[in-house]
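The following blocks contain the structures, represented as structure tokens.
What follows is subunit A paired twice: with subunit B in the first complex and subunit C in the second.
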Partner chain A sequence: MAGPVLVSPMAFWMVAFFLVPLLLIVLYSFGTQHTYQSTPSLGFKLDAYRRIFTESEYRHAFVLTAQMVVANTVGCLLIGFPLAYFISLKSGKRKTLFVLLVMMPFWTSFLIRTFAWKIILDDGGLLNNWLVDLHMRTRGNPIHLMYTNKAVYAGLIYDYLPFMVLPLFVSIEKIHRSLFEASKDLGAGKWTTFRRVTLPLSLPGIFAGSLLVAIPTTGEFVIPVILGGGKVVVWGWLIEEAFHAGHNWVLGAALSNVLLVFMVIVIALYARAMTSEEAYA
Partner chain B sequence: MKKQVSEKVREKDLLEIVDEVAKGRISRRQFLERGLAMGLSVSAVGTVLAACGKKVNKNTSETMPSMDQTKPKSINLWNWADYMDNATKKNFTAKYGIQVKESYFDDNEALRTKLMAGGGAGYDVMVPSDYMVHILIMSNLVEPLDIKGYNSSTPEGFIPNFEGVGPSFKNPVYDDPKEFGGFHHSVPYAWGTTGIGHRTDVLPAQITGWADLWNPAYSQKIDMLNDEREDLGAALKKNGHSLNTKVQSELDTAMHDLIKQKPYVRTYDSISPKSAMIKGMALTHCWTGDVVLALWSGAVTTKNLEFVLPIEGIPVFVDNLCIPPNPNSRYGAHLFINYLLDPAVQAPLQAWIGYFSPVPAAVPMVKKLDSNVYAFAPTEAQLALKTTEVYNDLGDFAQAYATAWVTVKGA
Partner chain C sequence: MSEPMTMDIQGGARRERVRFSLWDKIMQFSDVGILAWSVIVYIFLYLPIFVLILFSFTKDPLGLTFHPFTLKWYTSSDPNALGVIHDSGLLHALQQSLEVAIVSTAIAIVIGLSGSFALERFRFHTRGLWDGLNYTKMVIAEVIAGVSTLLFFVQAADWVQNSTGYNLLAFMRPGMGAVLIAHVAWNIPFIVVILRARLKGFDRAIEEAGADLGARPATVFLKVTLPAIAPGILAAALLSFTLSFDDFVTTFFVNGTTVTTLPLLIWSMVKRNVGPEINAISTFMMAFSMGIIVFLELKARISEDLV
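What follows is the complex of A and B.
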């Protein structure tokens, strides 16, 4: 008897703040936008979807966003795995210290951290100054990094790295040391141990970390605007633009739904692949 | 020694960015970035949830609400961040015994969305820009002001200082009493122009107008604002068209021109045109306020930074004082609006925020208080030109602009 009562606040929360808004977004995407009203009038019009699936801007944006998501996730994994592994090898206070260092950037506003990259990557910025000091570059001939894709990826990987490192760390740390020793005793080299023991056992961390990085990256538009110079269009920007300056909630809702459906499919496939991998391991 | 200096500079850079981001002391007309900078970006779900499908259409039979002349204890001002100094508010309290409580909005679109969702209740005075005033009137989200000559409830009205407003600001296109049955819904608060910040020491060339931003010789020496109306406006003006055009072919040409210009542009940025100019960007598409902020920083002077008012046409923006529906005190709001139009109040206010005063009598006083604010102001003759235009509401055609802008950015 107490069960439903205890669960009701949570259920109310989910319905009011998750299901209803989600339903509204779906309904709006089939509606009609009026200039002097914010919410669209409801109906069953497919115009917004037709536009998304036929106009080339949206195709470009989709491809670009997909590239950004994959590159960011892989980049975070490549940097995050060795880092998580390294931290898990430390003991006691050291370990705590390193985990703390990974989390520390969260103490500062995301936006300020992103802006800070401007100071590093600018033509007259820290990086170019170092290169000059190291006599690798002359002043007046800087490498242009700001407002390029390189700057966008630097910012993305930097901002999302902790989301990869923390779940990876948790799962690598759980691997019992004796397993490494056993592997060694049984004649496996370092590489074989990594491939056959460490990697399969850290799959849950890779799975969780990849999702934590990939999902928010699909909606990312701030970093491409600030570090990329606002020259490319990603999906998240299209949504923001439609709801905000564009005053077209129908289009914004349709864009959100397309992304949502696509993400659900991709995540389902990914989860399936990962669970069969784990079963194999 | 040199190293130390550059460290200092960098530290200052960082502090400046933190300052810009945290305190919002950045030029006030931004769409995307401003909201982000204030940490209040619109989340789609939140906005959707906030809006409760209220039907709004222009009420054709507007009436002047009656004026209950009891003084309120306080009034609520809904303003852009860093757009009023404390002294102005304190002096009002000292004079009328009414406290001014200030809260902020990110940009015009955020203001509109919140008002449409019914979130404007409790505010007495708000500060929308030109084109947004028209949208708010059309959406019934603003009350008429009680001004003499505009269906006022008493012969005198309640904003006598409106007399002192410059003639070009009295009946603007976005709030023309002829369109709205003789009612007036806004009074100007501050204004400025868009133009090109030109570092004359970095690029010793004659820069005269928008066409210069399409000169391949200046490739990568150009920063553009990240703003749909401003960028399309610049291209429209370059081609001799109105920045409020509703002719699709003119808009298409402007769109193609912006795509052609894209390789020459280093970045589209509305947050830090000031820093760009200070750091030596040759040509920066920006607002008057950005140039004033750059001059105030002391890092540049009028000797190496000029603000070009383009010969093809100068875009003008005006921020206005309006009363949202159902204010706490219509009377308090009118007292405050009237007070803000007093030349003696306008002068120190504009000298602090760095924009131009719509009250001519205040201008010489602003100039006396600060030499930088009016350093690059347009002359009366320039203002009177037919090509000098205020941004206005585009109605349904706004969607065409939004589409063009997305196409430019995606190209």
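What follows is the complex of A and C.
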């Protein structure tokens, strides 16, 4: 009996303030919004979904969001893997320090860390000033990075990198060191060892890291707003606007629901890839 | 590079030829490449933070070029551009941030401790469900959690008011109460992850020793278990505090008109595009978070529980 009793406060909190609200948005998305009233009346109307699936604004936002999810996940993986490899296998006695160095930025507000990129990427910012100083660019002719997709990608990868590096590090760390020696003794070169030993055995980390990056990115709106200005309209921002600016809770709920389904599909795809990978191994 | 391009390997009865590919040759230099890459990534991770701190001391009112060196963004008492230490709005935001972070951490740590004990020490059939719910909460896009919490809070409060005639759930309407409830839900899963790891590595023999020596279960818990996992609790509380203190998205949806935490204040400033003042506030906020972490690391070595 002790187990259920001890778990009950947590179970109550997570059900009442996470699961039930989640189910409520499903219900709300089929409701009707009345003017001058925040809570909609319930029913079974598909108006909000019809709007989402027909208007081009939503299609653009969806495509853009999907691109960001892919770019962020792949970017973090490509940038993070060598780093995780270095920390686990090449950093010697200072391993803990190097891991902490990856985690430290996570302890500061991501809002602030994102905003900091503006100082670097702005038309009159640090990067453009350097380029002028190096005579690679003239002052009136800066590289436009701020308020473009490129700035948003930089910010996304920057903010999500630790979520990728830590699982990668853990899975590389788990590989028994004798396997590398065995591979070498059997005559495999470094690339072969990497391809046949390191990479397959770090797959759990790759999956976990990709999931930790991809899923939250689907709803990300703070980074696109700060670094993309009003020009980079992502799905998460449409949700925010439906609530704060539009006062259209039904639309917001429907938008959230589509995102939820999208997330479930991403998770299912990962889970499937993972099981087939296990079967292969 | 004295290794031959091809070599024969005696593998029991089997003879196999292993060939070194072009990639193998390139990878001879991989250590240097990986080291260089890692240095670049670390610079990438820290450059924006250093730039931000540096640019809180610039004289440029746009905050984009570095003209050293002024403290006016911190100390100015000019009413048009109040420095950080004189800005009452900022201090109020700091106060509310601390309130949210401390109260929600205190509640979440008790609930999380009891939950992690249940999940780690007992076998019961809903166990997987609570585990799954926690992990879902951790990875799900925060905007969905924020939006759904707002909807639910307002709906529940309305429903109770309409059906009973009394505004019994007033504390759930957007404002401090709602923010606290949402933050507790946001913190619990992270606390549980850390505490469960701590409990897993826990040698239960010392608990049994306590019981054998005649201590009652409550005494064993208070005198043996709790002290043993105290560093884990501290680490979990710290993570929870920081998550709450820095949280923007969850607060953004349920804050109503009465709550403005530091991240919300910074958000509104970022959107208004005010110059180095944000850099100064951000530096101040980072120094605050970092100060707590460094202090606790020196005092209690919390990193062992976090890495």
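In this section, the second predicted complex is superposed on the first by the 269 of 281 C-alpha atoms of A that agree within 3 Å, B and C clash if a C-alpha of one lies under 4 Å from a C-alpha of the other, contacts with A are read in each partner's own complex, and residues count from 1 in each chain.
Rule of thumb we're sticking to: contacts are C-beta pairs under 8 Å (C-beta built on N, C-alpha and C of every residue); 3 or more make two chains touch, one makes a residue touch a chain.
Just so it is clear, the structure is predicted and the values come from calculations on it, not from any experiment.
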In the superposed arrangement, which partner chain does A:Cys76 touch: subunit B (first), subunit C (second), both, or neither? neither
Look at A:Leu127 in the shared chain and tell me whether it touches subunit B only, subunit C only, both, or neither; answer first, second, both or neither. neither
Based on the superposed arrangement, let me know which partner A:Glu57 touches: subunit B (first), subunit C (second), both, or neither? first
Return first, second, both or neither, reflecting whether A:Ile172 touches subunit B, subunit C, both chains, or no partner chain. neither
Per-residue touch tally on subunit A - higher for subunit B or for subunit C: C
One more residue to check, A:Ala116. First (subunit B), second (subunit C), both or neither? both
Contacts for A:Val197 in the overlay, against subunit B (first) and subunit C (second): which applies, first, second, both or neither? neither
In the superposed arrangement, which partner chain does A:Glu240 touch: subunit B (first), subunit C (second), both, or neither? both
Which of the two partners, first being subunit B and second being subunit C, lies in contact with A:Ala254: first, second, both, or neither? neither
Quick check on the superposed pair: does A:Tyr147 touch subunit B, subunit C, both, or neither? Answer first, second, both or neither. first
Common interface positions of subunit A, toward subunit B and toward subunit C: 17, 20-22, 24-25, 28, 38-39, 109, 111-112, 115-116, 119, 122, 124, 126, 129, 222, 225-226, 239-240, 243, 249, 252-253, 256
Touching residues of subunit A toward subunit B in the complex: what are they? 17, 20-22, 24-25, 28, 33, 35-39, 57, 60-61, 109, 111-112, 115-116, 118-119, 122, 124, 126, 129, 146-147, 222, 225-226, 229-233, 237-249, 252-253, 256
Seen from subunit C, its contact residues with subunit A in the complex are 7, 9, 11, 18, 20-21, 23-28, 30-31, 33-35, 37-38, 41-42, 44-49, 51-52, 55, 62-66, 110-112, 114-115, 117-119, 121-124, 126-127, 130, 133-134, 137, 139-145, 147-155, 158, 181-182, 184-185, 188, 192, 242, 245-246, 248-249, 252-253, 262-263, 266-267, 270-271, 278-279, 282, 285-286, 289-290, 293, 303, 306-307
Which part of subunit A faces subunit C closely enough to touch in the complex? 2-7, 9-11, 13-15, 17-22, 24-25, 28, 38-39, 79-80, 82-83, 85-87, 90, 96, 99-105, 107-113, 115-117, 119-120, 122, 124-126, 129, 158, 161, 186-192, 194, 211-212, 215-222, 225-226, 236, 239-240, 243, 249, 252-253, 256, 259-260, 263
With touch defined as at the start, can you tell me which subunit B residues reach subunit A in the complex? 6, 10, 13-14, 17-18, 21-22, 31-33, 35-37, 39, 41-42, 44-45, 47-49, 51-58, 109-110, 112-113, 116-117, 135, 138-139, 226, 228, 262, 265-269, 271, 279, 395-396, 398-399, 402, 405-407, 409-410
